[in-house]
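Here the chain labels run A, B, C, D, E, F, G and H in written order, and each chain numbers its own residues starting at 1.
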Amino acid sequence: MAKVVKIALAGEGGQGVQSVAQIMTNAANDEGKEALYIPNFGVEQRGGVSIAFCQISDERIGAPKFEIGDIVIALSDRAVVRTQQYVGPKTIFIYDASIEQAEEYLPTNGAKVLAIPALKISKEELHPRVFNVMILGAALQATGVLTLDQAKKALEKKLGYKFEQNPKLRELNHKALERGAQLMQEQLAGK
Amino acid sequence: MAKVVKIALAGEGGQGVQSVAQIMTNAANDEGKEALYIPNFGVEQRGGVSIAFCQISDERIGAPKFEIGDIVIALSDRAVVRTQQYVGPKTIFIYDASIEQAEEYLPTNGAKVLAIPALKISKEELHPRVFNVMILGAALQATGVLTLDQAKKALEKKLGYKFEQNPKLRELNHKALERGAQLMQEQLAGK
Amino acid sequence: MSLKDNLITIEGPKAVWTVFPHLCKGCGLCIEKCPVRTLEWSDKLGVYGTPAPHVKEEIPCIACNMCELVCPDAAITVGKIKQAVHK
Amino acid sequence: MSLKDNLITIEGPKAVWTVFPHLCKGCGLCIEKCPVRTLEWSDKLGVYGTPAPHVKEEIPCIACNMCELVCPDAAITVGKIKQAVHK
Amino acid sequence: MAKPIEGEKRAFMTGNEVVAWAALAAQADIMYGYPITPQNEIMHYWTRLGPKFEKKFLQTEDEISAGFTTVGGVLSGARAFTATGGPGNILMQESISMAEMMRIPTVMVIQQRGGPSTATVIYSQQEVMLTTHGGNGEGHRIVYSTATHQDLFDYTIKAFNTAWKYRFPTFVLGDGYQAKMRESLTIYDPEMRGVKMVPTVPLLGQEGMPGVDREPSLLRNTFNTEEELYAIIKDYQQEYDRIAPELVEHEQFACEDAEIVIISHGVVSRSSKMAVHELRAEGIKVGYFRPITLRPFPADDLSGAIAKAKLLLVVESAEGQLVKLVRQNLYGHSILPIEGLLKPGVGVTSEEIVDKVKALAAH
Amino acid sequence: MAKPIEGEKRAFMTGNEVVAWAALAAQADIMYGYPITPQNEIMHYWTRLGPKFEKKFLQTEDEISAGFTTVGGVLSGARAFTATGGPGNILMQESISMAEMMRIPTVMVIQQRGGPSTATVIYSQQEVMLTTHGGNGEGHRIVYSTATHQDLFDYTIKAFNTAWKYRFPTFVLGDGYQAKMRESLTIYDPEMRGVKMVPTVPLLGQEGMPGVDREPSLLRNTFNTEEELYAIIKDYQQEYDRIAPELVEHEQFACEDAEIVIISHGVVSRSSKMAVHELRAEGIKVGYFRPITLRPFPADDLSGAIAKAKLLLVVESAEGQLVKLVRQNLYGHSILPIEGLLKPGVGVTSEEIVDKVKALAAH
Amino acid sequence: MSIELSMPKSWRQETKPHKFCPGCGHGLVLKALGRSIDELGIQDKVVFGCDIGCSLLAWDFFNVDTVQTHHGRTTPVITGIKRARPDRIGVAYMGDGGGYAIGSQHLVNAAMRNERITAILVNNANYGMTGGQMAPTSLPGMKTETSPYGRDPEHTGMPMQGPEMVAAIAREGAYVARGTIANVRQATTFIKRALENQMAGNGFSFVEILSTCPTNWSTNAKDTWHFVEQEMPKYFKVGEIKVPGTKEE
Amino acid sequence: MSIELSMPKSWRQETKPHKFCPGCGHGLVLKALGRSIDELGIQDKVVFGCDIGCSLLAWDFFNVDTVQTHHGRTTPVITGIKRARPDRIGVAYMGDGGGYAIGSQHLVNAAMRNERITAILVNNANYGMTGGQMAPTSLPGMKTETSPYGRDPEHTGMPMQGPEMVAAIAREGAYVARGTIANVRQATTFIKRALENQMAGNGFSFVEILSTCPTNWSTNAKDTWHFVEQEMPKYFKVGEIKVPGTKEE
C-alpha cells in the first residue's frame, strides 16, 4: 500500500486551520495526488477548538479520520490538550511557541515535539493575517507532500483575485509560506 | 375445547345491529359465560354496512373475528352481499323478509337460509324502533346461547332508566324479544 | 324499478320540483329551510332507507330555490316555470 | 496570572469602569454604544485571544452604564461614583 | 378520594376502556393525547373518568406535541402517558428518541392499525419494527405486546413500573382489534395483588434553590464530540443488556416434543393457541411460543422452546416483521426453516393456522 | 441552456457538494428541504447552482413539509428530491409511508448524524433501521449506502432512475463524514456514460379534461376494509421480491478463501478495505463484504461470500444495526458466529479493525 | 321525463351519492367549490388535495385530478405540486383539525410565503372523522368526546381564529375570508374569489367555511341549522378579511 | 480589589463565558431573562426549556432547572411540565426557526389554549446554529445560505409577523410583545411582565426579541447594531401588542 501522510491541524476558531487544510489538500489534488480533508465540527458556530484532518497519498484514501497523525499541529493551549490523542510514537508534534504553559500539556509519547514561533514572527515580521500561511509552510516542510511552488499555485487559485488587486499581498503570502517552511526546517534540524 | 357460538350481524348504519350485539354479549357475560364482541369499522362515520361479530362460549375465546359463523343475520340488501363470505355449510343464514330481490344475492352454501318478516311485523304490530330487539330475540332463539329471561335482564340494565319513566316501553321491548324468538322458531320449524 | 329512476316530481304553478331519492339521505336540511314550509317527508325512501322529502299538495312551491341550494347531496332540482308561460 | 484575575479597572471622575477579560469575547458592541466614545481596544486579550476594550485616558466615562447593559457576556461593570463623594 | 378500583372485579369492556382503567389503577396522573383511530376511546374514557379522581388530560395539537408534552410531564415527576397508532406512532418517534437519549420514563400505548400511511383505521401488527426500532438510535426501549384484555390491564400497569424502574421509554403494543373489542377480564387494585407502584421522582423542579441548596438539574440531549455520545450509548447498551434477562417475558406450551413451533405475538397468538389445541387434539406435534416482550426479545426462551422442532411457523398480521425479529434473534441458535403465515393488515383465524400447519406437516 | 456538466471531470469537493452536482447531472427539477446538519450544504450548493440551470428550490417549514412537498412535486411529474438526517429523518418517515403506500418515486438523501435525539451533528451509521424500516409499514423502499464521493455521485443519479423505474421511494444513505469531507471524484454527464435518465411522468395533472378526455387521476392512501389493504400489500411485496434480484448490489473481495469475513457498509467499509489489504499482506485470511443496497439486502451474495469463513465480523458506527440486518438475512444460510466492532456515533479506523481481527484470529 | 340533476358539472356522478353523512356540510362546501370550478372553467387545471378527516371521503368526488394526503399535510402536498407545476391550480381541502391543529405549521408558513394555492378549511367545530373529539374550533361549553363536560376555555382556550391568524401574517396579494354553509351563495363567491386570486398569481388564498356535522353534534335538521346559523357566528365572524388591492387597516 | 461582576444572580458563573459567539444577542436576551428572574425572586420556581438552535447553548446557562429539548419542541415540553406541575414557572426559550417554522403549530396552539407558560423567541432573522440559512424572519433581499441571491418575497414571502399572529388568536389574559436587544431595558420589562402574567395565571405570555447574529450576518459591531437597530424595525414593530386588562382594538 502507498504511504498516506496524515496531518491533524488544530486551533481556535479564528486561526484559520481549516483554510490551511483546504489549501493544502486542494494543492495535493491539483497535483494529481489523492487527498482527503475533513473538518471536525461540533454544535457551536464559534468558540470551540477547530480541528482539520488531512490525508495525502498517491492512492485512494480509506477512513476520513485517523487515530495517529504523522504530523500534529496545535496552535492554542486548548488545541494542545485536544490533539494529544492523535500523537503516537512516530508523530511529529508541532505547537506555536507563544502558547503559555504549553509544557504542562505537551504530549510525551511523540517522536518529536517542536515549538515554532510562528505567531510571534507573523506579528513582528509579516502580518498576523498570514499566520496560518506560515503554518502551511511549516506543515509542508515537515511532511514533504508538496513543494512550496505547488502550494503557491494553490494560494493563487484561492486568493488570486485578491492578489491581482494588491500584488503586495501575494508577496506577503509567499514570504509567510517560505518563512514557515524555514522555521520548520530549523526545528527539524534541531536548531 | 368448549363449543363457541359465532354470530355475525349486519345491517345499515341506523338499524342497530351493534346494540343487539352489545346487549347479547353483555347478557352472556353477566351470566358468567365468556363473550367476545367486535364491531367492524371503516373510515366513514355513516353510510357503510355495519357488522358485529359476536362469540359466546363457556371458555375463553380465541381470535376476535372468524371465517364462518354459526348464525349470520343480514338486515339489508347490502348486508346480504357483505356477509356471504361468513357463510359455511353449517351456517344458518337469516335475512329480513322485506329485502327486495334478496334472492339474487342469497348464499347458496349455508345449512339453512331463512327469511323472517321482522321489519314488517315491527312496523305493523310493534314499533319500528324495536326492530333490532326482535332480531335479538330471533338470534337467541336460533343459537340458544341465552334464555329470553337473561336477555330481558340485560335489556333492563341498558334501558332500565327509560323503562322506569315509561313502563310501556319495557312491555314493548319484551314483546319484541318474544315475537322475534317466535318468528325464528317458526322458521326453524320449517313453517 | 331502480332507485335511480324513481324520482319524485311535483309540478306547481311556479316550479317543477324534483327530488332524486337515490341521492337523498333524508337529512331534512331542505325541509327546515323552505321559506313557505311546503316540504315534508314523503313515503318514498332515499338511499339510506330514510324518507325523502316532497312538496305538500296544499302549499305551492314558490321556486325560491333554497332547498336545491342547501341540499348537500344535490338531490333536489327546482325548475322555475317562466311566468310568461303560465300567464 | 490567570485570565480570571486579570481585570482592567479604570477609575474616572464618575465611574469605576471594569472589564473582565476572561468574559470578554471582543465583539465590540460596547465600543459602538458608548455615547461619549471613550471605549477602544486595549492591549489585553480576552477569552478568545481578541483584544478587550478599555476607557480612553483622555475621555472620562460618564457612567451612563450603556456598555455594561449591552455586553452580551456581562464582562463589564460600571460602578457609579456618587456625586457627593466627589464634591 | 376513593380508589378508582377497590379490590377486584370482573368487567366486560373494550380494550381502550381497559387501558383507561389500568392507567387509573396505576395511579397515572395525566394523559396527553391526540385523537387517532383506533385509540380514541382511551381518551374518551380517561376524560370521563379522570375528573372523578383528580386526573388531568391535555389534548394536544398533534402527536409530536403529545409525545413531547408527555416527556415534559414525566420530567416534572408525573406518572404521565399517551396513546397513539399508525401515522401517529411515526410522529411520536421523535419524542421517543429524546426519551431514549435522556432516559425519560415515558409510557406509550400503541393501538396498531393498517399501514403504511393512513391505510386502514382497523387493525394490523405492522408497527412492530416502528415501535421496537423507530427512532434515530439503537432502540433502547421496552415493548410489551398484549394479546388479551387481561394483558392490556396487567401490562399497562406494569409499563409504568418498568419505565420508572429502568428509565427506558416503555410501550404497550396493542392493536385495533384489542382496542375495539369487548371481552371479559378482571380489573383490580394493584396493591391488593401485591403490586407496588414504583414511585416517581421529578427530574426537574425538585425542592430547594438551585445553585444554593442543590445543583440545578441541567438536562441535555446534545453533545459536542463523538466520544461523549459514544460513551453514553455504550453505557446504555450495557445497562440494557444487563436488565434484559429481568425484562424478557414470553408464553409457551406444548413445545417440549413439538415438531412445528408456532411463533406469534399479540392478538394473533390467541388464534395460534386455539390452533395448537386443535392440532394437538388431532395428534399433530405442534407447539406454541409467544414473545410478550418484543424488545428485549426472549431469544433464549425461544431457543429452548424449539429444541426439538423441525420447523418454525411465524404467524402475524404483517408482512414479516415478527419474522425479522425471530431471524435476528435466532441466528446462531437455530437453522430451522421458518415458514410464514403473513397477513398484513388482516386478522388471522385459527382455522387458517390449522390449515397451514397441516399443509406443512404433510410435506 | 448548457448542461451542468459537459463530459466528465475530476473534482475535489465535499460530499454535500457532490450530491448537489449529482442531482443537477440527473436533471432533477426541484429540491425541497429544511436545514439540518450535516446535510445543509446540499441546499447551499443547490441554491447557488440552481438558478443557472433553471432549477427550483423551496425551503419548507420543517421536514414533514419537506417530505410532503417532495411527494407533491413527484406527483406532479417533477424529478424532485430532498435531503435530511437525524431527527429530520424521523419526521420524514411520515411522508415516506405515504410514498410507500402510493408508490410515489421520491428520492431522499440521508446524511446520518449521531443519535438518538439531537445527539451530535457529526456522524454515525445509526439511521440504518430507521431508513430501511422506519414507517408504519413493511419497508417497501430502496436504500443505497454510499462509501465514497464517487458513490455519492453515482448513486444519487441512480436513485432517481431506480425510483422512477420501480416506483418505490429510494434513499441515498450517506453520513456526516461523507457530507463534510473533501476528496476527489469524477463528475460526469450521465448520458456520456450511457446512463439514460428514466423519464418522469405526472401522476396528477396530465393533459386533457378529466372525465371527458380521460379518467381523472384519483389517488388515495386510505381503505375501508382490511381485505383491500391486504391485497395491495401482498401485491407490493410480490413486486418487491421480484425486483430485488435486479436491485441488490454489493462489493466484495478476498472472500474466496477467507476465514474471517468483515462486513461493513458505507464509509466504514473504506476502513475495512484498508484493513483487509493490510491483514492479507500479513497473510491473515480475511475477506471484505460490503452491502451497497441495505434494502433489499444482498443476502445471497453474502451467503456466497462467506462460504469458506469461520467467523464474521460486522463493523459499523452503530450499536448493532447492520448486525441485525446481517442476522436477519443470513438466518438459515449460515451459523457462523458473528462478532461486532460496534462504535455508535464514532468513526472506525482501519487500525481498530486490524487489531480486532488479529485478536479474533488469535483465538 | 328528463329532469336534470342540479349538480356541478365537475362533480363525478359515478360516485354519487357521496360518502358524507346525511346533512354533512362537507357536501355543501364541495358544491360551492364545484360550482366555482364550473364557472371558472378550470376543471382540467385544478389539482384537488384532500386531507385525512372527513375530507378524505372526497378522494373520488370530482372529475378533477385528486390526491388524498395525510392528516394535516394537504397544504404541503399542494404546495409541492404548485411549486413544480405553476400552471396547475392547487386546492388544499381540509378540516379544522387538519388545518388548525396538526397542520397549522404548514398553514401559517404557506401564508407567510404567500404560496399561490387555495386552501379551503371546513370548520365543523370538532374532529368529525374520528368520532367527535374537541377541535381547536369547538365552542365554549361544547360537549365533545374529549370534553365530555363541555369545552372549558379556562383549560383549553377559546375557539381558534383561523382566518384572523392567517390575515395577521399574510401580505399583499393574499385573500382571506370566512364563509358559512348557512349562506351557500356567499360561500361560493368567496371560494371563487380565492381561486381567481390564485389564478391571477396574487398570493395565498384562504377560505374557512362554517359547516355542519350532525352525526357528531347529534343534532336533527333544525338543531343543525341552529348551531351553524346561531351558535357558531357568536365566535366566528363571517366575511372577507383580506382582499388584495383594498387598503389595509 | 473586589469589583463584582455585573451578572444576573441566576446566571451560573461556572459556565461563563457562555458558549454564544462574540456579539450574539442571545447573551443579551438571557441577561434580560436573568435579571427578570432575579427581580421576581423565582429562581427556584422556574423551569427553563431551551430549543435546538443556538438556544441549546443555554442548557447549562442558569442556576435554574433546565431542559434542552428538540428543535421546535420546547413549547410542548414546557407545556407538559406546566400542566403536570402548575406551581412551576415554565419558560420556553427558542429561536425564530424553532418558533415560527418547525414549531409553529405548537406556538399557535399554545396561544389558542392560553397555556400558562412564557415563551421567549429570539428573532435573529436567520438559522444561526445551522450556519445561517433563511428563516421565516429573514428580511427581503437578505442574503443567507439558502437565499444566496437575497430573500425574494415574490418566492419566499415577507418576514413572519410572529407576535401579531399570536395576538390574533390569543385571548383575554394573554400577553404579547416584541422587544429588541437594542433596548435591553425595555426588553427586560417585557420579559418580566410576561413572567408576571404567567405567575398571575392570566394566560399565555409571548415575547419576541429582535436579536443579533454577527457570525452569520458577517457583520462587525457597527453593522451589527445597524442591522438590529435600523433594518429589522422596518419589518418588525417593537412594542407591547397585547396586555391583559387593557381594552382590545
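Keep this in mind: a contact is a pair of C-beta atoms (placed from the backbone, for glycine too) under 8 Å apart; a residue touches a chain by one contact, two chains touch by 3 or more.
Keep in mind that what you see is a predicted model, and the values were worked out from it rather than measured.
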Treat touching chains as neighbours: how many steps, at the fewest, connect chain B to chain D?
3
Chains touching chain D and chain F alike, please list them.
A, H
Top chain pair, ranked by how many C-beta pairs fall in contact:
E-F
Just how far, in Å, is the C-alpha centre of chain D from the one of chain A?
36
As a quick test, compute the distance in whole Å between the mean CA positions of chain E and chain F.
30
Mean-CA-position distance for chain H and chain C (Å)
60
Would you give the residues of chain H that are in contact with at least 2 other chains, written as numbers and ranges?
20-22, 52, 56, 68, 70, 101-102, 104-105, 109, 131, 136, 156
Where does chain E touch two or more other chains at once, residue-wise?
37, 61-62, 87, 94, 98, 117-118, 120, 122, 221-222, 224-225, 347
Going by the contact rule already set, what residues in chain D reach two or more other chains?
48, 50
According to the definition of touch, which chains form touching pairs?
A-D, A-E, A-F, A-H, B-C, B-E, B-F, B-G, C-G, D-H, E-F, E-G, E-H, F-G, F-H, G-H
Could you pull out which chain H residues touch chain E in their complex?
10, 12, 43-44, 47, 52, 56, 59-60, 62-70, 73, 76-85, 88, 105-106, 109
Counting only contacts in the complex, chain F reaches chain A at residues 10, 12, 37-38, 120-122, 148, 177-178, 180-184, 267-268, 270-271, 273-274, 277-278, 281, 347-352
Footprint of chain A on chain E - complex, ascending:
222, 224-225
Within their complex, state which residues of chain B touch chain E.
1, 22, 25-26, 29-30, 34-43, 60-68
Which of the residues in chain H end up touching chain G in this complex?
100-105, 108-109, 112-114, 136, 153, 155-158, 160-161, 164-165, 167-169, 171
